[in-house]
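Chain IDs A, B, C, D, E, F, G and H follow the sequence of writing; residue 1 opens each chain.
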Amino acid sequence: MAVATRRTQGLTDKQLHYCPGCTHGIIHRLVAEAIEELGVLEKTVGVCPVGCAVFAYEYFNCDMIEAAHGRAPAVATGVKRVLPESVVFTYQGDGDLAAIGTAETVHVASRGEKITTVFVNNAVYGMTGGQMAPTTLLGQKTTTTPFGRQADVAGFPLRVAELVATIEGAAYITRVAVNTPKNILRAKKAILKAFNVQIQGLGFSLVEVLSTCPTNWGLSPPEALRWLKEKMIPAYPLGEFKAPEGGV
Amino acid sequence: MTQVFFDTERCKGCELCVTVCPKKIIKLSAGEINSFGFHPAVLTDGEKCTGCKFCFLICPDTAVTVIKEEGGNGKSTDEGQ
Amino acid sequence: MLEEVIIAGFGGQGILSTGMLLSYAGLAEGFHVAWFPAYGPEMRGGTAYCAVTVSDAPISSPLVAEPTTLIAMNLPSLEKFETTVKSGGIIIYNASLINRPPGRQDVRIIAVKANEVAESIGNIRVAANVMLGAFIEASHAVSLNSALESLSKVLPPHRHNLIPENQNALREGARIAGAADR
Amino acid sequence: MEKVLMKGNEAFGEGAVRAGCRHFFGYPITPQSELPHYLARRLPEVGGVYLQAESEVAAINMVYGAAAAGARVMTSSSSPGISLMQEGISYIACAELPCVVVNIMRGGPGLGNIAASQADYFQAVKGGGHGDYRLPVLAPASVQEVIDLVVTAFDLADKYRNPVMVVGDGILGQMMEPVKLGPPPEVTTPPKPWATTGTLGRKSRNIINSLYIEPEELEKVNLRLQSKYRRMEEEEKRWEEYHATDAEVVIVAFGMVARIAKAVVDKMRKAGIPVGLIRPVTLYPFPDQPLVAGSSGPVKAFLVAEMNAGQMLEDVRLALCGRRPVHFYGRTGGMLTSVAEVEGKVREIWEGLK
Amino acid sequence: MAVATRRTQGLTDKQLHYCPGCTHGIIHRLVAEAIEELGVLEKTVGVCPVGCAVFAYEYFNCDMIEAAHGRAPAVATGVKRVLPESVVFTYQGDGDLAAIGTAETVHVASRGEKITTVFVNNAVYGMTGGQMAPTTLLGQKTTTTPFGRQADVAGFPLRVAELVATIEGAAYITRVAVNTPKNILRAKKAILKAFNVQIQGLGFSLVEVLSTCPTNWGLSPPEALRWLKEKMIPAYPLGEFKAPEGGV
Amino acid sequence: MEKVLMKGNEAFGEGAVRAGCRHFFGYPITPQSELPHYLARRLPEVGGVYLQAESEVAAINMVYGAAAAGARVMTSSSSPGISLMQEGISYIACAELPCVVVNIMRGGPGLGNIAASQADYFQAVKGGGHGDYRLPVLAPASVQEVIDLVVTAFDLADKYRNPVMVVGDGILGQMMEPVKLGPPPEVTTPPKPWATTGTLGRKSRNIINSLYIEPEELEKVNLRLQSKYRRMEEEEKRWEEYHATDAEVVIVAFGMVARIAKAVVDKMRKAGIPVGLIRPVTLYPFPDQPLVAGSSGPVKAFLVAEMNAGQMLEDVRLALCGRRPVHFYGRTGGMLTSVAEVEGKVREIWEGLK
Amino acid sequence: MTQVFFDTERCKGCELCVTVCPKKIIKLSAGEINSFGFHPAVLTDGEKCTGCKFCFLICPDTAVTVIKEEGGNGKSTDEGQ
Amino acid sequence: MLEEVIIAGFGGQGILSTGMLLSYAGLAEGFHVAWFPAYGPEMRGGTAYCAVTVSDAPISSPLVAEPTTLIAMNLPSLEKFETTVKSGGIIIYNASLINRPPGRQDVRIIAVKANEVAESIGNIRVAANVMLGAFIEASHAVSLNSALESLSKVLPPHRHNLIPENQNALREGARIAGAADR
């Protein structure tokens, strides 16, 4: 008899604080597995955001830094410039990365900084109580778009992967989702590839992961997965937007 | 044969495994309640399990362990495919 | 008169609005009132609580460190607050979800199967108000009537159709506590 | 007039609406989130605009633009977000634009936590941004006072063409208390002939600016600002006294801590100990008169109580200038000073006086 | 006898403070002419940056606001939300817009804010003494890339028009240059179109203008025009990147 | 040892290199540009990294990352840019990371101008960011002292695991003066076992953090910080006295203004008037001892002279606590106080004493 | 016939008009110096001017005025094309 | 001894490094020296100036409001600073570019055709040092020798081939001032 699934060493034993069914947990596991499988756990430094993943330093089983809201890419840059041999990743939500951290995101990519960003797009500000994020869909109700997001007042959803893919220093930019086992496996491959791009020194890599926020979407976890599939994926198409030529 | 275990204390009763199991053999325990107040997932009909690991893959709280009788090097999750 | 009540349970159990109802009832009777919610990331995972102070003097702080009454809707809440209740106070616990009664000897303990009662009324969401009814009967901090009449202030106009169910919940809770008293 | 229960955060929003504010730009942060939530619903009702900015930096600069265009405008945040606004606030102060900034302070420094705190006192009253500027800073201590002082804040902003800050803490923001709303006050927004609204109907261009490349010119601007601040110091000091005139120990506290202190005063008075309270309502200009006046009366000692490591303490010491001993009791990191603690401290002082 | 060229009413009489041959002056004239020709001078509010154009409020003959470095889009948003009938433009350099103001730029576009941005790309920080800008070309020597910009240290040139064109709220995004009379006329047309897009309420419009900085490039003004043509245009291709369907 | 001419701004850079700093992250701003220009050339020579950030906000957060990774790291800016760093500085202070921040102050508020100023004193010493934190603040008054104090700054940063600020003004930054460089000092960077360098060779994970969700925990952090600050106040006060012991009027001034004041002292002494100078070298911790000591000697009055509207003035008043009259002379907006003006003011005070 | 005037005080002697004039009839005055210390542009051979307005278009300092004898509505600059 | 010199002209005329040369010469003779440049947007348009203080006492401020000497390399510079020169001071102006001599009666005025001289030496860029040579001869603030020897400190190593030309410039300037003296 053998364990077919094993809890990755990349995670600590700490119970996750996320709401039931929140897919932040899946993404944590995938990132942790990737780091472990690449054998770089001991030279990895992770940078957590301010957002629901603010406690990620309690979960990832490596050295961790808690950054100010939106500034994880800058913090990661500081680390990587001091320790060029280390593996550095940021884990950021859509408020963190695509709102307050927009400049840091664009420029970490433009510098071709050799770090990996895991970007959790859940179309909402989870931690602060369900406000509109830049990625909130048109018509979506949030605590700050109580009548649904209207473009002429609150603007349009921002497609981060597409935007960052236009930047020269970006080496690998992809969008995945964690709503089905199949997509989860694809997400895992993407995350592995992103870290590989970093390790090979090819430039900046970013994996946008479509994720759920059952709590602030006001849906049960299974309903949230369905909403992700039916509403989010059409607005945020999955796929690679930029990849190193010749593969990694 | 495959065995599936749920870590009752980690489980938050989110039902993601329930909806994803192709064999529909997972449900939330009606009576049991863990110390965080959640009804944890349980297997209804373990015999039917195919070992597809979907439950493991989707679980946000690493509450699921799948054990296969034959083979299986205990490595990555990709084998699920 | 100083009542400091903590109402605690899962998110979605109506904890916060039950606290508001108690506040409005106190206000209707001319008391000073304050209501204070738990907020922040510790809410992740769906537990919620609020503190309600009803007093005949101005209230200095809405925070309640040592409640005179604890209304515990689930086990984690009971475990979190049980020891903080003032000696001589009250613990009302939801016996539908909590199967181990509180161990404190120096407080009055009232068990209410709030979920069952609420279901029998036809709306599980009124469970917290069943508990509030029990509290009012047990403490006489405010009159049941004030609570019944304050429902229209807590429920938004488009939910006023739910007033009768909630009134039933309050009454039923009061009845249970009254019975427990005897 | 009927009382309704209202959250402190919502009261900030409702106060703004009552003051005629129709434009809000902000970025979410705990523990002030209910303020934007409230205005996101409320402003469209009254024909106003709620806009969530991409950051606090953007928010304060949107405020700058809206104020330049002549609107009554507000933003709100909590400690880290307010830190990010410091450059913008300094610009607004120099460009002399009226606006209201709300800080629902939380535990710091850094990310800290979201519990109640008063540790941004220095930042608010000494100017956390660069240059010699000042903001009137108002510190309400109840939900009712929030509504009233937010209206005052807008009036002061227009009166002085200056940003005004209103500070609360996580408890004030989150708690519900009964408030009397009554009919909205008559809003008298002064004319703003300086606003950049397009030159139509005007002879000359309006320019909103804080750049004065010649030191002589910038010094003139600074002298104007300083004389404005002196005027504020003459006209705008506000405070509440509670059993202060015949007290031998006077507690000085603002915001939530002042409520705690009131309970302490009541308790001690019952015990026959003559304790009083001075509650600064404006933190800048700091109400030094009652302290100075007190120090020529029966007061033997002052106790400053704050939810920080001793910030207002400096202003109290500056006001008293050694006339009376000044003691301090503070809690940090989001801990609220309790009645028992403050009482203990007062007793200690009282014993020492004998 | 008739004046074939007339000094636009859109400019004040004030002598420009720019260095000899600096094409900021040309761009000023084009913007001023456009506003005048559209007949909206009296309802225009301009927002100047911090950069060499910091004194632009002395030149444009309309109401003007001096914004903090990088924040002109936010300031313009504040104005436009208060005065929806006004015509609002920002005039920004590449340090201002593409470095410190990146987030404001992306989000003013994403909100589809009805304002017009004139973006002066001169591949350098002019005002502060010739430091590297995000738009500095690889190999270009500046005071902070004394050995020429190297990608692995200082990152890659950022192509703003391409990046902003991926954003949904952006209605008209184009790149022009002012190095020849012909290109100047094209630039003028683009600026007119951008203002028209705003006036018609179609969304955000941005005209990136390739411009010279003879002083910090260390070239004579005519040499600078040549460098613009030979080095900048190949790196920053001219043309429309996004335009409203059916024309304006 | 041969002297070379060096610009103040360059001296900041060279001081950093001598202190073993190999990482600089900054964003250009006048009047400190020569500092990054210098390091952009110099750091690659010594195997270091010069990186121009996309903004001051990014720069300070890169500093945070580099400091977390164990490096000696510096950033520099001028007033508006320093305002933008306030959130980051508060984070660094709470996370207890060592680093050096240079502020070459310019005329404010707002965009102001690029002339010399000292108007960011409050921001530097009271904490312009949120929460109860403090930074040691060093104020050199000559190019030579810049080099020396930058080295000190790095040592203090490591000693206390705290950000340290070094402030100058546009004049100090732009001027050239002769400096003795000599062989670089022995750099002793203490071991940093807390640094996030990857767990390799270590048993447990390192975490750099400023989030403490429980108030009790955050209060503990604050108590630790406060006790650190008390230690700084005991051990790190630095100042220069110039004819202060037998003076009847003592000028208190820092940075460039102290040089002006020295000239005034010389002039007045020649005229037989006993004037002296106390020059705080650390602005925080503020050197109150010499003032207090002075006030028990022959000193009859103090004159605070600053290039601002009276900021250090408050610390002087707090130190003296009413023991002696404190006068003030200040210029704002980038105007330098002149020898004649300060002299006039001293004479006025002197006449008044008779 | 066309006339071209240079505003001597506005001109900064940048030579852009000089390089752009298709007829090569503009140069910087060698002797004259304006009050800002610049050698302003002057016409060498006005007869040859085609009225193309290139000089006007490229001048960053609005120092050039082109006057045409016949027609010309004094409007926009596009006519130059 | 206190010399406060303002050197002003177009950007690119070598104003700043000529100021440094004077500073180094002063330093070589054991004086206190300070050098201060104009900086900022007023530089746009290409004017530049710097102030050099050479003193036997410590220098309080490097700013010079009333120079003892003005070295004006072009007309705008002369116009800007002419009135600020101390009575009894010196104005040295570049007669190659300035065709109206300064009007001050209370200062010594020296005209130097610095551009012509520099061109005759073969390098227009040494014009400012021609002016400095004149200043040294006129003021004897420092010795010509100190200036000649300090060139190696101001010029970067790869420009040391230009030292002879610059020495000629200094000498020629000194000669002109000396002749003007007679």
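Note that in this section contacts are C-beta pairs under 8 Å (C-beta built on N, C-alpha and C of every residue); 3 or more make two chains touch, one makes a residue touch a chain.
Note that this is a predicted model, so its numbers are computed, not measured.
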Shortest walk length in steps over touching chains, subunit G through to subunit H: 1
Chain whose average C-alpha position is farthest from subunit F's own: B
Pair joined by more contacting C-beta pairs (B-C or A-F): A-F
Chain located farthest away, centre of subunit D as origin (C-alpha): G
Chain centre separation (subunit A, subunit E; CA means) in Å: 34
Where subunit B and subunit F are represented by their mean Cα positions, the distance between them in whole Å: 60
Separation of mean Cα positions, subunit G and subunit E [Å, integer]: 25
Rounded Å distance between subunit E and subunit F, as computed from the means of their C-alpha atoms: 38
Of all residues in subunit E, the ones touching two or more other chains: 18-20, 54-55, 66, 68, 99-100, 102-103, 106-107, 127, 134, 154
Shared-contact residues (touching 2 or more other chains) in subunit F: 30, 49, 51, 54-55, 57, 80, 87, 91, 95, 110-111, 113-114, 209-211, 213
Contacts with 2+ other chains: residues of subunit G: 12
Footprint of subunit G on subunit E - complex, ascending: 1-7, 11, 15-16, 18-26, 29, 33, 37, 180-182, 184-185, 188, 214, 220-222, 225
List of subunit C residues in touch with subunit D within their complex: 20, 23-24, 27, 33-37, 39-41, 57-63, 65, 153
Subunit H-touching residues of subunit G, taken from the complex the two chains share: 12, 33, 35-37
Subunit B residues touching subunit A - in the complex, by the definition given at the top: 2-3, 9-10, 12-16, 18-20, 38, 51-54, 56-62, 64-69, 71-81
In the complex, subunit D residues that touch subunit A: 27-30, 33, 36-37, 40-41, 44, 49-52, 54-56, 80, 110-111
